[in-house]
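Here it is, the structure in full.
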Amino acid sequence: MNDIIVKNITRIIIPFAQVYGIFIILNGHVSPGGGFAGGAIIGTTLILYTLVFGREKGKKKFSHKASEIAESGGIIWFVTIGLVGLVVADRFLTNINAGFPEGIIGEILSGGMIPLLMIGIGVKVASTMISLFNLLIDEGV
Amino acid sequence: MWLDRIIENINYIGAIALFVIGLRIVVTHSNLIKRIMGINIMGTGVFLFFVAIGNVTGGVPPIVNPEVEDQLFINPIPSVLILTGIVVVVSITVYSLSLVVKIYENYKTIDQKELSKLISEENNEH
Amino acid sequence: MRKILSNTLFIVLFVVLVYAVFQMPTGANINAPAYNDIARHYLENGASETNAANIIAAILADYRGFDTLGETIVLFTSVVAVGSVLRSTKHDKEVRDHE
Amino acid sequence: MVILNIVIVVFLIVCALAIGRIKDLLGAVILFSAYSLMMSVLWLVLKTPDVAITEAAIGAGVTSILFFAVISKTKRYEK
Amino acid sequence: MNIEQLPIINLLLFLLMALVIPLLKRKPFKITLILGFVVLGLVLISSGYLLWYVNNVEVIHYTFGGHEARFGIEFIVDPFSALFTTIIAGLAAIIYIYSSGDATEGIEKTEYGRYYVLLFILLMSMFGILYTNDLFNTYVFIEILSITTCAIISIKKKKDTYTSAFRYVMMNELGSLSYLFGVALIYMATGFTNITLISESIQNAYASYPVNIIVALGFMIIGLGIKAAIFPFHIWLPDAHSAAPSTSSAILSAIVIKVYILVLVKVLFRVFKLDILNEMNISTILLVLAGVAMIMGSVFAIAQKDVKRMLGYSSVAQMGYILLGIGLLSFEGLRAAFFHILSHGLMKTALFLSVGEIIYYKKTRKVNDFDGMGFIMPVAMGVFSIAALGMIGIPLTSGFISKLNLGVAVLDQNQIIFLVILIVSSLLNVIYYLPIIILAFLKNEKYRYRLKSIEPTPRTMIAPLVLLGVLIVVVGLFPNQIMIFIEAAANSLLP
């Protein structure tokens, strides 16, 4: 796609959309949203980038290797947090009892492990969406 | 009387209607992409059913505000369950779409009837 | 003919399901069976037990965190599965040469 | 609120029926996208904003893009 | 670290193994294989220990996050789940050894890594399904299971695998969504997703909203029936199982469809309980389905020329046997069904793996090409014969014991007609298994000349086959040791 308007608008929109996605991920435990929604939004911005600037440039921004690391990393991060609970409090995925910081209700730094898990999910979902799209686009042709 | 009952249960009826329409598309349509869409419609039907169970007239989303007392919240459990469900259905959709791409590459058609014809012809050749 | 038959079948299914649902106390109020003590517990104590204001996030990541782990595994699996279907041998070779 | 709810449900059912009938797959995907968007409005009416955000991002966004990607690789019209 | 953690550690071991495989891409593939074998061995040991523990000490209740069971998700390890996880781990270990002998027929080298990733996630999901005590958690694991099973079919990049995998994924998804709809109806009527809590309140719910509960049960039976290939819903099975690579076929036919029927058992006996089932007369419906499956599956199998399709249809018939045992809704019936799950698992694994070896070396799948195969590949064909005789129900094999038990269970409930169906189905089994054995061992001239062209089979492929053959006979000779655990499992399901 070689349209200057589309390219420039995309350049302007993408940072805002990504910041919005990050906002949704980080605020998942105090307002509507969370890892899935935010991750999907970030993933869509990456898809948009690939659509507008072409596959090669998109690959540079978010390489195959990075997505592979993010995919396994998301689950490993999740399991690690769960294992903290297993080791400290004798149960998998324990939250407050495992010593995660409590914070004050309604602030961003609260909810113990919930925001940590949300970050992991967000990264995972974003990378999954972009790599699924790349796989579907790459094939054949 | 009947109208009241229908209006009261409109979400349930809508959910069941979507479920049945989705099922019809999956079972009777011969186009593979349409069938995947049917699965998605079926899925949203089930999700709508779940959410309708959790709905409370005059309730608010379950986000606690310590300063406001005595709020009537909706039931949070169905929302959680379908948040999981939506992502699951997307994964299945993507996987079946990838199969459709491969089927088209090999058979040059995405119509179930033509596909069955091609496959039976191939089997007869051998 | 077959079309009419199948359509009738689906309409019958629809009617049966609607009939089943009409037997239920479907009114969207707090007397519904689903709005039981578990939901109340989440709403009353969920925020203080997990310190998250959004109860849905609290249930999603804490009470039913294992479901969420399963869901991330579904996503991971779908990437592997789609990769196994679509990524041609040629592409894999290219990636290996490239690295 | 009740009237909005009914209108949206009717819209969803009509959309779903139309997806079943339309012969142009591209049109079907656009209809599907509209369907998902309406669905996310319905989630808002039913006071589940979390699901609404997720549905808008995943259902209307990602799924439709993936359908488009596949249709661009296969056939647009069904017989 | 105490014993309660073992179930979740089993799951995490599988999961971490699946996640580690992509990281080992640059190392020789042998390291991955050995690591995977170590993981499988550890899980086998720990589930065996759990089996001993729950039978002799106490049932394990494990809740995630330290919440009460009603609020969080609960794992229950009782004689039922412990027994079947052990069986699954054992069968999976045998299939794994076989598959490491580079006999993963039809899979390209570059896909080996992904194949094992999918295999371990598949095992994890099956363990999760059996351990969990939550209907929605079961749904999540069922979805993982269905996407991985489809993926290990389509990983063999052939034309026909794509179409059969597509049909399979559509049927699977219909099944999953029907199951989820059933869960939604139950949740609507009771307000729980935890199985124990549902079973406590379902009597009241049934008294108030009977139609709702009946519809929910119907949807769950249909949904799980599609996935378990119960007769009218079996149409995807022969295509999918014959198109898949041999090891995948063995896993699918011997383990995966059994897991779905175990979920059905859980739903019937744990969620709905006998009172409601008897009131609704579910027994009759299940028995009729089972009877039709037993006859029709065998009849279809006779007509097949492709040996793997034949085995697929035979699986349909065997699922009928298992469903017959379950449908009797009695202790004897459950015992027979559980024993048949074990013995059919062993026999089908043996059949698919030996056929897999034959296909790998002789490149033929036609039943007619098996002439003289017994002289060319004595071990594979020998194990095939033992397993096929077991399928028919010849004494000294495990198949005989399961048919005996089924017969006793049927007589106990005075369902003489099903005894007749059982015998007729066994005779039909004779019609399609015996000619293969006779051809393979008695008619040797035609393919004599091929004798030289056979390469020596790797030991990793021979050993599991021999082990399976021995196990079939041993289980047939000494069923009582295993019967203790099976009876405990059946007891834990009935009040």
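As written, the chain order gives the labels A, B, C, D and E, with residue 1 at the start of each chain.
We take it that contacts are C-beta pairs under 8 Å (C-beta built on N, C-alpha and C of every residue); 3 or more make two chains touch, one makes a residue touch a chain.
Here the structure is a predicted model, which is why all the values come from computation and not from measurement.
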Contact-graph separation of chain A and chain E, given in steps at minimum: 1
Of all other chains, the one whose Cα centre sits farthest from chain B: E
Greatest separation from chain C - chain, by CA centre: E
More contacts between chains, A-D or B-C: B-C
Rounded Å distance between chain B and chain E, as computed from the means of their C-alpha atoms: 28
Cα-centroid distance, chain C relative to chain E, in whole angstrom: 26
Cα-centroid distance, chain C relative to chain D, in whole angstrom: 17
Shared interface positions of chain C, touching two or more other chains: 17, 21, 32, 34-35, 38-39, 42, 47, 53-54, 56-57, 60, 62, 64-68, 70-71, 73-78, 81-83, 85-86
Where chain E touches two or more other chains at once, by residue number: 15, 19, 64-65, 136, 140, 143, 147, 150-151, 154, 162, 187-188
Residues of chain B touching at least two other chains: 13, 17, 19, 23-24, 52-56, 61, 63-65, 77-79, 81, 83-84, 86-88, 91-92, 94-95, 97-102
Residues of chain B defined as touching chain E within the complex: 19, 23, 26, 32, 35, 39, 42-43, 46, 49-50, 53, 77-78, 81, 84-85, 88, 91-92, 95-96, 99-100, 102-103, 106-107, 115, 119, 122
Complex interface listing, chain D residues touching chain B: 2, 5-6, 9, 12-13, 16-17, 19-20, 25, 28-29, 32, 35-36, 39, 42-43, 46-51, 54-55, 58-59, 62-63, 66-67, 70-71, 73-75, 78-79
Chain E - residues contacting chain A, complex: 2, 5, 8, 12, 15-16, 19, 22-23, 62-66
Touching residues (chain side chain A, partner chain D) in the complex: 24, 32-34, 36-37, 40-41, 43-44, 47, 129, 132-133, 136-137, 139-141
Complex contacts: residues of chain C adjacent to chain E: 16-17, 19-21, 23-24, 32-36, 38-39, 41-42, 62-67, 70-71, 73-74, 76-78, 80-81, 83-85, 89, 92-93
